[in-house]
Amino acid sequence: MKANPISPTIPLDAEGVHHGHLRLPYSRDDSAWGSVMIPICIVRNGSGPTALLTGGNHGDEYEGPLALFDLARSLDARALSGTVIVVPAMNYPAFRVGTRTSPIDKNNMNRSFPGKSDGTVTQKIADYFHRELLPRADIVLDFHSGGKTLDFLPFCAGHLLPDKAQEAKVFAAVRAFGAPWSMQMTEIDAVGMYDTAAEEMGKVFVTTELGGGGTSRAETVRIARRGVDNLLKHAGILRGAPEILPTRWLEMPDGCFCFAEEDGMIETTVDLGEKVEAGSVVARIWPIGRTGSEPHEIKANISGILVARHFPGLVQSGDCASVVATMAD
Amino acid sequence: MKANPISPTIPLDAEGVHHGHLRLPYSRDDSAWGSVMIPICIVRNGSGPTALLTGGNHGDEYEGPLALFDLARSLDARALSGTVIVVPAMNYPAFRVGTRTSPIDKNNMNRSFPGKSDGTVTQKIADYFHRELLPRADIVLDFHSGGKTLDFLPFCAGHLLPDKAQEAKVFAAVRAFGAPWSMQMTEIDAVGMYDTAAEEMGKVFVTTELGGGGTSRAETVRIARRGVDNLLKHAGILRGAPEILPTRWLEMPDGCFCFAEEDGMIETTVDLGEKVEAGSVVARIWPIGRTGSEPHEIKANISGILVARHFPGLVQSGDCASVVATMAD
Amino acid sequence: MKANPISPTIPLDAEGVHHGHLRLPYSRDDSAWGSVMIPICIVRNGSGPTALLTGGNHGDEYEGPLALFDLARSLDARALSGTVIVVPAMNYPAFRVGTRTSPIDKNNMNRSFPGKSDGTVTQKIADYFHRELLPRADIVLDFHSGGKTLDFLPFCAGHLLPDKAQEAKVFAAVRAFGAPWSMQMTEIDAVGMYDTAAEEMGKVFVTTELGGGGTSRAETVRIARRGVDNLLKHAGILRGAPEILPTRWLEMPDGCFCFAEEDGMIETTVDLGEKVEAGSVVARIWPIGRTGSEPHEIKANISGILVARHFPGLVQSGDCASVVATMAD
Amino acid sequence: MKANPISPTIPLDAEGVHHGHLRLPYSRDDSAWGSVMIPICIVRNGSGPTALLTGGNHGDEYEGPLALFDLARSLDARALSGTVIVVPAMNYPAFRVGTRTSPIDKNNMNRSFPGKSDGTVTQKIADYFHRELLPRADIVLDFHSGGKTLDFLPFCAGHLLPDKAQEAKVFAAVRAFGAPWSMQMTEIDAVGMYDTAAEEMGKVFVTTELGGGGTSRAETVRIARRGVDNLLKHAGILRGAPEILPTRWLEMPDGCFCFAEEDGMIETTVDLGEKVEAGSVVARIWPIGRTGSEPHEIKANISGILVARHFPGLVQSGDCASVVATMAD
Amino acid sequence: MKANPISPTIPLDAEGVHHGHLRLPYSRDDSAWGSVMIPICIVRNGSGPTALLTGGNHGDEYEGPLALFDLARSLDARALSGTVIVVPAMNYPAFRVGTRTSPIDKNNMNRSFPGKSDGTVTQKIADYFHRELLPRADIVLDFHSGGKTLDFLPFCAGHLLPDKAQEAKVFAAVRAFGAPWSMQMTEIDAVGMYDTAAEEMGKVFVTTELGGGGTSRAETVRIARRGVDNLLKHAGILRGAPEILPTRWLEMPDGCFCFAEEDGMIETTVDLGEKVEAGSVVARIWPIGRTGSEPHEIKANISGILVARHFPGLVQSGDCASVVATMAD
Amino acid sequence: MKANPISPTIPLDAEGVHHGHLRLPYSRDDSAWGSVMIPICIVRNGSGPTALLTGGNHGDEYEGPLALFDLARSLDARALSGTVIVVPAMNYPAFRVGTRTSPIDKNNMNRSFPGKSDGTVTQKIADYFHRELLPRADIVLDFHSGGKTLDFLPFCAGHLLPDKAQEAKVFAAVRAFGAPWSMQMTEIDAVGMYDTAAEEMGKVFVTTELGGGGTSRAETVRIARRGVDNLLKHAGILRGAPEILPTRWLEMPDGCFCFAEEDGMIETTVDLGEKVEAGSVVARIWPIGRTGSEPHEIKANISGILVARHFPGLVQSGDCASVVATMAD
């Protein structure tokens, strides 16, 4: 197995506050001896547990990076017992240009695990997390939002897992995060995910969807900031007790997804958080080439509430138009 | 003065419902004898007044096109006294690909008036509106939203005009539209605008900003549909009375705009519709290349409420970060 | 072996006429939860043999898609005994934009077999054909033409195969197709081809080259329509007898290909179907940067007739300029 | 009026054979002090009339450049009485990359006359022809074909002109050219054309459409070569008599053009040169997103024969699908 | 005449040191209310003369921006009598991406004068310099180098002018600058240049060529820093006397330019500053498609020394390959 | 193991001078049956040793291709005892467009060894060298320079090798080459290099860095020409003795590399070949968005002389800014 080419510019296991980069050599037409420089901050105080906090797994999602750049700037080692590893923009090449996938290799970081040390840039980053950072962690928080093309009701989420003891720890952590909504997720296709890689190592892995559209709002950033603070307290790394907040639990059963089968202009006829009846229209797709045509209707398969939707005004056949979730509590 | 090369595929002045296109010959590498085809619908019943209804002046704004494609599909000539000209996507080349400006000439339609019959594609379209469509209209409604890079509190707006009788008619129409917010606008630079071209012909010109982000919501589309219906009733073209709804009046005084002077990740610390004090922070810009740096703060020049904001998570020096308006009622 | 991620929106084995899509999830910057949607039509009546009919293996070839969209629209299940699977545009992403290879991964579908369930988009489609559709088929017809950069004399073709019984069935099917010309092909490099994948499963595999240039003609579309009708009758799936038409048999011996060794403007000095003597000039390449230079001459290696040629007016060193075939009957 | 920045590297008015370039300074990112170099050949023997022969007015049309590079290479000054100016690729930047319009400014050379000496690259070239080359000419032959997106029945053409003496000379020259078909053209929009610029100077201006699709055929190149030879003999510049060949005269009356109003895959149901009845289907446009839909039909407005058609397999709303001409003799 | 849309964020005429921007509103697809922000620094102490110092007129030339960002950072108002206006990157959009011309409109800033207030972004910037900054200046220094595609022997230059008193002041200033070489330039085409605009207002205009290749060297940056310091002292704005350095005077007579007439790989056979004999080879152009071909030779028209050369390894027909200057002292 | 698809158009092992191509089939959108054509020249006279001489491993480095096209043109078989294989542009697709990596697959040829016969275009070329050309060679010379983004002091180099006998032969060959500087290199990451592939076969492998910036100078080309001549004489292939020239030996110890950690405009404060003290500033990075900021300083880790530097005026975080080497003799 080839060594991973990334070298950190700071020590990974030293006491105190360290700001630096993961430097990945990347030779290219516009820099023969260039590198990808992924910002990293490690704060350590003694031998307590380790939290690995990540944002920018997809480069167009902002609540995580905002909360984590802020956290990295303000964390005081003396307030901790243990270690906090902060990587606010995992897929830094994507984050730098504001795209979901890497502009270098078009790879989706969250389908690139466990990575390859001699693969593409994204695969090399995944491999480094898999070999070096994940093994150090006890608890992992990976921030997501909908990005430029989806919008979500803000929730924190964990996966249903075969190991029920591990699952219980995950949902306790989700509860501690304290988002307005909490989701019990089953992934249809979990292959290649960062989540899966962490879970298979037995880590407590918590994720979020906190909004979307390629932007953030003051409100969703507040949820993110409070959530990471709560989680570090819940894990016993940051002193103090988490702020207990009400949350509603959701599930995504079969039939929750509605797909477009036409190209056109989309009209979402229900807003996020509104109730939906099975068989009712959740979106219309309007042909744009001429006036006078009827729109195509997209109907919900199940009853529940709208938790996610296609964001841009134009839609293509095959795009997910809407997601309807059901209450789990 | 050269003739405008656009030919409509339907009669402009005939009774009944007509769906067709404005055909603009456009020779290019991928179609030597191609054309731009702008959808148009004209519904006429007798000699009443004429409304010109337009969307897609900027191609990434959706409330207008959604309301107008729907209106064009459903208008019954028998319900009218007068004429309704509907062009749901004025800058159709831009609308087709979901961009603010035309992908053909990068022109901003709303700075291309009065147009040029032998200019670029966008200038030719502007010239056609200026010569053929605007002169036919008594009242003009041009829908806007924030597009992909701005987000607005939903409002209907008219301009302060030198002719106070004309201005009074405009604000009466804005009032009839019935948006949650109404704006009295003074443009800093009104040269080249569709608005100005119409106003200089003495038309009653009404515009909107109904949201943004390159999407629409069920709620903002409802505002648009109700607004156009109200306006046609107010103008006496559609039978019935406008639905009277509460609105709050706003103004945009000097100092309302805040500009970024750094590149980075933007955090809007106030949400749309929230109160702002002069001197308070409305946004922060975070350097993204390393952790541990302080963000740059953007502060409001005046007190009021936040009516518009930069939308994408990344920002560039020179971008408008926030707009603060004051209550006018 | 990972499961293929494609899910069909119609049943693959039900009676009657079914129009739908092969939906392949494809996450990307402009649609986080998007999909590739490949149109498919399956018509089944009872337990007779199954024909798999495909076009758009290369996305810039049109006789196949035209004949197959028409067939799918008009097939009456009651006229069949057996099953017809129609995929008019195998490499739908390429077909949608009119390019030979996929705009997503630049893969040539016809060099991507047997495919990979966790590979690129094109490899996933190939894998689905290999695992799900090819095994269902008794006879396979894959339409090709020259595409944007080659032009062919219209022929139907089969490969010389090690299993002579299989080969005989193939050439009987080619004969039944009834194109003006018929070709006995030996591929120089058959690795990765759809043809090879099907033949190795023992299927009767028939292909065509029916013109080219990235267009179609009324005449070549008639050949395609009649050919598919004849083939379904020959296979006993469609009732009635194939229309017997004269054909001339061709071979492509060693030396049939002529390659350009210069960049420039190409002049094909012989038209398709015309006779060629070994050593005679079949094309000239003109330097374009100045007048007064002599053209480079390309000479035939063998005598025969011109069956294919480079199509665009410009040529690059390494392009195949001409193909000369010999009569086999 | 600013001087045109083009300088020829050969004398324009000297005796003998001269090969060189029109050098147009063009500063750009990849060459601060670069130039556009347009090949030109001038052959002069004494004081006879002057022919200006041009190809590559559109950069994706090849019969003209092939005939003219060949002519320039082989013209013997002693065979002439007068002057032949040969510019095989007028819009050389477009010709170099095989596109209709210039890759530099996207201008259509044939809508750029009379040009501008301080305009774009294409406008500067047009200005040079208008000021320097056209005034020297008695007769002008400008070769066209359909380019990558149209295909034509091969014809030579002249315009109906207000000056009937000039028109008679034009049609005599068209007759002498000796193409299989000859066209009497009235342009709908003649503004900006090279043709118009020449005709307004009183020149005998002859043009062609000799095929298309972005390629050439041996047959169409033979027509071009023979045509230019015949024309130079007809003009008394080249010794000998034109080869008299049969031709059929055509006209393009109102209603000759059929436009697409849908996007899709086009099927031309009639081939070039075939008869068409008014009201009969000349093309179908197939929706490509799903099977089972009916195609849109395009019907001829007039009876006649098909003289031109859209070439690529895909078509967009607004493209010219077909041109039907009527017999004029 | 429309007002120029640029607004400075600092006062243009106030005492002391002011750092800010020229803000030019620029609406575009990725920022509806965006701006171009051109850094500017103004240092004023009392009523002495005004120097306008500019770099980045072309965005890929670095000696000027390096010297001027450094000067702006370190200028102490108390050391001055008069005003220094520093714009280190005139064409900031080009400078930001390292290209000669603006990525927005592809305009060459140095052929855009006197500019247009309602033109393209580059024309608007030129107009602002023409209307607001140039009129304030007594002496103007505009730094140039060869950029990415040319390399120069380092020289300071002035133009031969019709007003000999003005010319004398210019050459005195060039002399004071103190570059190793000094050039008396006559422009072939001075239309649209910043230089010309300034000279026509009667300003003392000094320019440079200090290297090239899209880079800088420690040595050439030293020349730039010392030059600007000397010039400010010479103008009486900065206290102290210029450092007197030896220089050699050059001229660019007719025939100084050698142009490539072929595409290929260029070999410059003489280095900058070396002697050249008329008729000797200064460069060879090698065909790259095959081995065994002879290179094309480019020969000097005049004797002198090599002062400039094409920089990249590949060359196109029409590129300036070499410039030979003669000694003027 | 699949056969490599490359076929040479000349015999690899025949006596005399042969110019031709390595033809690699490459099907793509703009040429369905296209090929990559890599120029090759083989000169053989009898059974002496074989030298494999390569340039254009990176497509933006010119000293090697210039020396080798010239050598191929002029080599006389009678002057040899043995064989010279010349491939002046290994990565021909990259060389053709002047980029470091291949425009087809973005692969760095010098990290693609040992290659893959069914991989990307670059991997197929590497595989061909690995299987066919390297095994034939006794001595290998691979020319490099800095390319567009680096600049080097001109040196010839060999690697420190585990086999000291092989190493001694390498350094003897480096000595014979006769560059002004000679380098003893240890690669940090030698995986995938052409060098490593050759060395592992036991070949005497010599390489160079002869300048950079994407250009060449007369002086560096002279070094290359003399070096290859010397090397062939040293190897006993070309008759005569190498020209003995002084050289200085260098080493690259730990700490030799300095990396940028900021984006901005770079000022290299030391020129190539100048002395550097550990801790002294070798470069500054200037923020470009506003005046008045301090530059970031990059300091040398070790004392020595500057042997390489970042070339373009703009720099990105992660780019190698400077390389300091120490004297080894």
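Residue numbering begins at 1 within each chain, and the chains themselves are lettered A, B, C, D, E and F in the order written.
In the analysis below, contacts are C-beta pairs under 8 Å (C-beta built on N, C-alpha and C of every residue); 3 or more make two chains touch, one makes a residue touch a chain.
For clarity, every value in this text was computed on a predicted model and none was experimentally measured.
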item	value
Remotest chain, chain B as reference, centres from CA atoms	F
Interface residue overlap between copies chain A and chain F, same or different (over half shared)	different
Taking each chain's C-alpha mean as its centre, the one farthest from chain A	D
Pair with more cross-chain C-beta pairs in contact, given C-D and A-D	C-D
Chain D-chain E separation of Cα centroids, rounded to whole Å	43
Length of the line joining the C-alpha centres of chain B and chain C, rounded to whole Å	49
Gap in Å, rounded to a whole number, between the CA centres of chain F and chain B	58
Of all residues in chain E, the ones touching two or more other chains	21, 37, 60, 261, 289-290, 312, 317
Inter-chain touch pairs (all)	A-B, A-C, A-D, A-F, B-D, B-E, B-F, C-D, C-E, C-F, D-E, E-F
Chain D - residues contacting chain E, complex	2, 5, 9, 21, 23, 25-37, 118
Partner chain B, residues of chain A touching it in the complex	17, 19-21, 37, 39-41, 60-62, 65-66, 69-70, 72-73, 86, 88-89, 95-96, 98, 151, 213-219, 221, 265, 267-271, 274, 286, 288-295, 311-314
Of chain E, residues touching chain D in the complex	58, 60, 99-101, 106, 108, 111, 146-150, 189, 191-192, 257, 259, 261, 310, 312, 316-320
For the chain C and chain E complex, residues of the former touching the latter	261-263, 289-290, 317
